[in-house]
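In the two complexes below, subunit A is the common chain; its partner is subunit B in one and subunit C in the other.
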Partner chain A sequence: MAQQTLLSPAELAYLHSSLSLSPPIRPDGRTSKQFRPLTAETGILPGTNGSARVCLSDGTEAIVGVKAEIEKTVDPLGGEHYQEYVKSASGVGGGDAEADRSAARGEWLEMTVEIPGLRDDDAGTVFLAELLREALLADGEFAKKLWINRRFHWRLYLDILLISPPLSYPLPLLSLTTHLALLATRLPRLKSEGDEDPMFDDDWEAAPFLYPREGATTGPRPSITLLVVAVGDSILFDPSKEELAVADSALAVSLCEVRTQREQGGMEVDSGRELRLVSMRTIDPPSRLTPPGVPSTANLAASGTSDTTQQKQQQRAEEHPQEGVWKAPLGGTRFAVLDSIMQAVLEKGGVADEVLDGLEGVDLA
Partner chain B sequence: MADRRRVNGPGGSSLPPVYDDGELDAVSRRQRAPDAIRPLYLKTGVTPSASGSAYLEIEPREGEYGSGMKLACTVHGPRSLPRSAPFSPYMVLSTHVKFAPFATKQRRGYLRDSSEKDLSTHLETALRGALIADRWPKSGVDVVVTIIEGESTRQDAVERRVEEWDVMNVLGGCITVASAAIADAGIDCVDTVSGGVAALVAGKDGDETSIVLDPVALEHDSILAACCVAYLPNRDEITNLWFKGRLPSAASYNHQSLVSRAVQASKGTHGLISASLSEVIGNSQN
Partner chain C sequence: MPLDTSTYSLALLRIDGRRWNDLRRLHAQIHTQDAADGSSYLEMGHTKVMCVVTGPAEPQAGQQKRGTGGGGQAGGQKDGASIVVNVVVAGFSSVDRKRRGRNDRRIQEMEITIQKALAANLHVHLFPHSTITVSLHVLSQDGSLLAALINATTLALIDAGIPMTDYITACTAGSTSSYAAGDDSADPLLDLNTQEEQELPYLTVATLGDSDKVAVLVCESRVQVSRLEGMLVVGVDGCRQMRRLLDGIVRQKGSKMIKEGAVQRSDMMAVSLED
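Up next is the complex of A and B:
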């Protein structure tokens, strides 16, 4: 996925040992929980329902455009009477919008990811698109927003474009851009009622946002996905390409912010934030494909002879990794490591809060 | 203008009737204990032309005919990479997961769709951690998993939209069958990796939640979250973790218990793999 790093085994071993220190020393001088600075703007594409652009400090840049279309709801059985069938089966009376909305389907969201230099049917690209899609739909509320009435729904096309070449694994960048684009998305205001053919207000200013703005807003917000790697005992957020090349394990964690109303002393209402874990996937770290180092004791070019004792030494070197000699990680990740990653992500006032605070500062056009 | 070159179907479509037989609900409840996995049948060496192969069948649910999951896996290689391929100090692993066109209620095309590609990436991550890839430089291995029969062949699955949860079970099966086929091919691994699934389900009254192993989505009212792991029992390590869903907000510790239950499930499957492999060894010695 990420481009092959051209680092020698000695460089990899050096990076790995400095990253496993406590506190870790990262090549760009960040702390373990610090993100790279980014610039973001929304509403850059006038032809879309919502759009955003995010540019990371390492020069990678992504654009997301959201477009919506009206579509007739076809039920899985193909008949016109499906809704009535469902109703009679579940015993729900007419006019219950909440029950109808549960008929919303995740398929109404279509997502494509385009990364320069990679085919769009490349397994890695598909994996990224599925990861982001799953994180958005996992809260179960997103699809319900696309429901218009029992006969029609919105079909939302979310197209993610990475403009720059993929310098590091672009997952956090794409996820943050998607988050902003969805916050900036607005759909035309519905004028018709009930199950009529939908009619919309043609005043764009009156169009409501997909995720309501200011004031008393409750409910889930679009999810964000963070990439976390473990190197030795240290846990690093937002890894760069070089850090990913020595990672023992990588985990993509998707979080969803749920706003809750909390009464505070009389009439004052404070909206608190609650983070919810919606999806998690391990990502194959590119470190497994890095070339191994050869210790000088086992190096024939250095010692000149090859007898049986040396072969034994070579075997021993294969079994027991030496300090300072790079060897690609083997096997999986211990549960304790995964658990500490989850703890670090979900921590109150931790990285996720910091990122969300930063994104809130973006002016939504 | 009408298309005169093709024979088109009539304009209005008709449908085969769907009958609502109300008795189904009683049968389709989960009969097993929450920590029991379904019986499995695993056999290695089913495809003579491949260097390793395995067949896995999961028992159908009670009171139902032939609706369990059936998977076949073939492993080709290790064989030398084509001349045009760049040098690799490791074995190059490529995985393909494909549903047979008739495996699910909705017909699958011959081209792999995005969910199948997604499954192959998961499987690749799960297997790559287990393989000792540096013993096979400059060579490639192809792992091909075919889902001959999926779980949601029935109408209910389409109606109740539980296909998304069945994918987890499919991945668990894929990992198990691929691991057995790799062992059959004699490719060096640190351990046999096995797949396990656990889910958090809402109880009957919709309030009480509980964690079940090896969930069948049709047997439960609603699944809140599910987790699939690929686990190396002897090293106590996880090579692939896939979690999705929404957890009730009160219990934040739930994701940990869900992962550890999934690990429990994969320990159960691991017993099956080793039993099946040792049976093969026993047969060849006689």
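Up next is the complex of A and C:
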């Protein structure tokens, strides 16, 4: 997916060793938890229910548009049971709305990712869309927002366009754009009641947001997915293309903010956000495909001779990695690394807090 | 919803209040994206497109196949750059969401049309063994899509600094009554929106610079041949207006770049910096 960087094994080794220092020295001078600046705007397309555009400072740009359609809810099992359920519920009139909402299903959200120059059924693109979709639905609350009544529901189409060529792994960019687009999404206000055919208020100004803004906003917000790489013992957030090329492992960490109302009337004025880790996935970093370096002791072109001792040395060099000689990383992520990633993300005032604070600064049109 | 064309003869006003030869509001920006070699954003009424040009660059393994598919530059790797055009129509661009795959016939035809027009206009012989990739994104569509795509491509190629003969500007022209009405005295119309496109015969015409040289002419609807000339004349005139507008945008950007010091001012420049 991400384009192969054209770095020699020596360059890779140099980059790897400077990134695994403590504190790491990154090529662009950032600290390990620092993000690159970005510009964002929402509500750019009046023809959609919600839209957002984000430009990262490396020039990559994405646009997300959300469209909603009404769809008739069909019985997942195709039996009479469901018909009875609808009838009995409409007979009583109302019933327990919360229980009904639990019938909401994740498949009501459809997501596509378009990357120029790639086929739309490309495995990487489909994986990316599914990764983002899964993170959104993982809180279990999202689908319930699409429930209208027992017979109808909203079907939400989320189309993600990557405008620029894929310079680096676009996952964080797409995730942040999706987050903003969903915050800007509004659905028409429902006028009808109960299980009758839905009727909507045609005043767009009265349309409520999918994620309510001010006042008593409780419940989870749309999730964000961050890309984290581990190089040696250091953990780097928002990796650039070069950093991804030497990563020992790359992880997509999805988390969502849950707003809870504090009604205890306590002294706490500052209602801190509660963060919830939604999912964590490993991503195959492009470093796995880099060619290994050859140590100068084993380099036949440098020494000019090839006797048996040197062949032995060469074999040894292949078995045991030497300092300063690049070797593509193998194996998984150590538990200590996973643990410290989680710590860095979830701690108070940590990376996620910083990102969410930044996103709150975006003016939602 | 059928378009009521009968009211046109009463006030000579179209459904959106324009006269027969009025263009819709045009808004365009050049250099909208820092990472790309050339980029542009263009709005014609409610049709909104974005264009990103990459290259001339070394051809990538995957792209080579598709680039040659469009004819024109097939096998022309040695003596000139090949041009690859990708059009992505966003699912949210139309009123009802409709997903169109990459293999959609209409999209492929637009890609090939743009590619052939560019191949004749750009000085590709200056860049042998390379590829110029044009990727177009349709964010919102309301008629004159191909025309908007061509205009956006021209702006992005100017931003990328790829030498070309002249601007290619495009515009649509239609006729006030449908083919079935058989009305030979029907007036021509300029710059149609979706409603008019669905109902009336129309063509898309692109011309080279200020001249009358037609670079692209696409007509997919049935129309009496006697009406064609009138439509074409109006279309070509619209292209000329369009060229003036695009040229204004390019000059505005150029003088802004000189004022900001992004470009050195030289004696060779014929740009007037009064405004």
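Observations on the model:
Note that in this section the second predicted complex is superposed on the first by the 341 of 365 C-alpha atoms of A that agree within 3 Å, B and C clash if a C-alpha of one lies under 4 Å from a C-alpha of the other, contacts with A are read in each partner's own complex, and residues count from 1 in each chain.
Criterion: a residue touches a chain if its C-beta (ideal position, glycine included) is under 8 Å from a C-beta of that chain, and two chains touch if they have at least 3 such contacts.
The structure presented is a predicted model; accordingly, all values stated were derived computationally and were not measured.
After alignment on the shared subunit A, the placement of subunit B and subunit C results in a side-by-side fit free of clashes.
In the superposed pair of complexes, A:332 makes contact with subunit B only, with no contact to subunit C. Judged by the touch definition given at the top, the superposed model places A:349 against neither subunit B nor subunit C.
Counting the residues of subunit A that each partner touches, subunit B and subunit C differ, and the larger count belongs to B.
Touch criterion not met for A:361: it reaches neither subunit B nor subunit C. Of the two partner chains, subunit C is the only one that A:159 touches; subunit B does not reach it. Once the two complexes are laid over each other on the shared chain, residue contacts for A:67 go to subunit C alone; subunit B is not touched. In the superposition on chain A, contact is made by A:289 with subunit B only, not with subunit C. In the superposition on chain A, A:59 makes contact with subunit C only, while subunit B stays out of contact range.
For the pair subunit B and subunit C, the model built by superposing on chain A gives 8 Å as the shortest CA-CA distance. No residue of subunit A lies in contact with both subunit B in one complex and subunit C in the other. Residue ranges on subunit A touching subunit C, taken from their complex, read 45, 47-48, 51, 55, 58-61, 63, 65-67, 69, 112, 114, 116-117, 119-120, 157, 159, 161, 163-165, 167. Interface residues of subunit B, counted against subunit A in their complex, comprise 13, 15, 18, 20, 88-90, 114-115, 117-118, 120-122, 124-125, 128-130, 132-134, 158-159, 161, 164, 190-191, 230-232, 235-247, 249, 252, 255-256, 259-260, 263. In the complex of the two chains, the subunit C residues touching subunit A come out as 33-36, 46, 48, 50, 52, 54, 60, 62-63, 86, 88, 90-93, 95-97, 99, 101-102, 133, 135, 137, 139-140. Touching subunit B in their complex are the following residues of subunit A: 76-79, 85, 89, 105-106, 121, 123-124, 126-127, 129-130, 134, 138-140, 251, 256, 258, 274, 276-284, 288-289, 291-292, 328, 330-335, 338-339, 342, 346.
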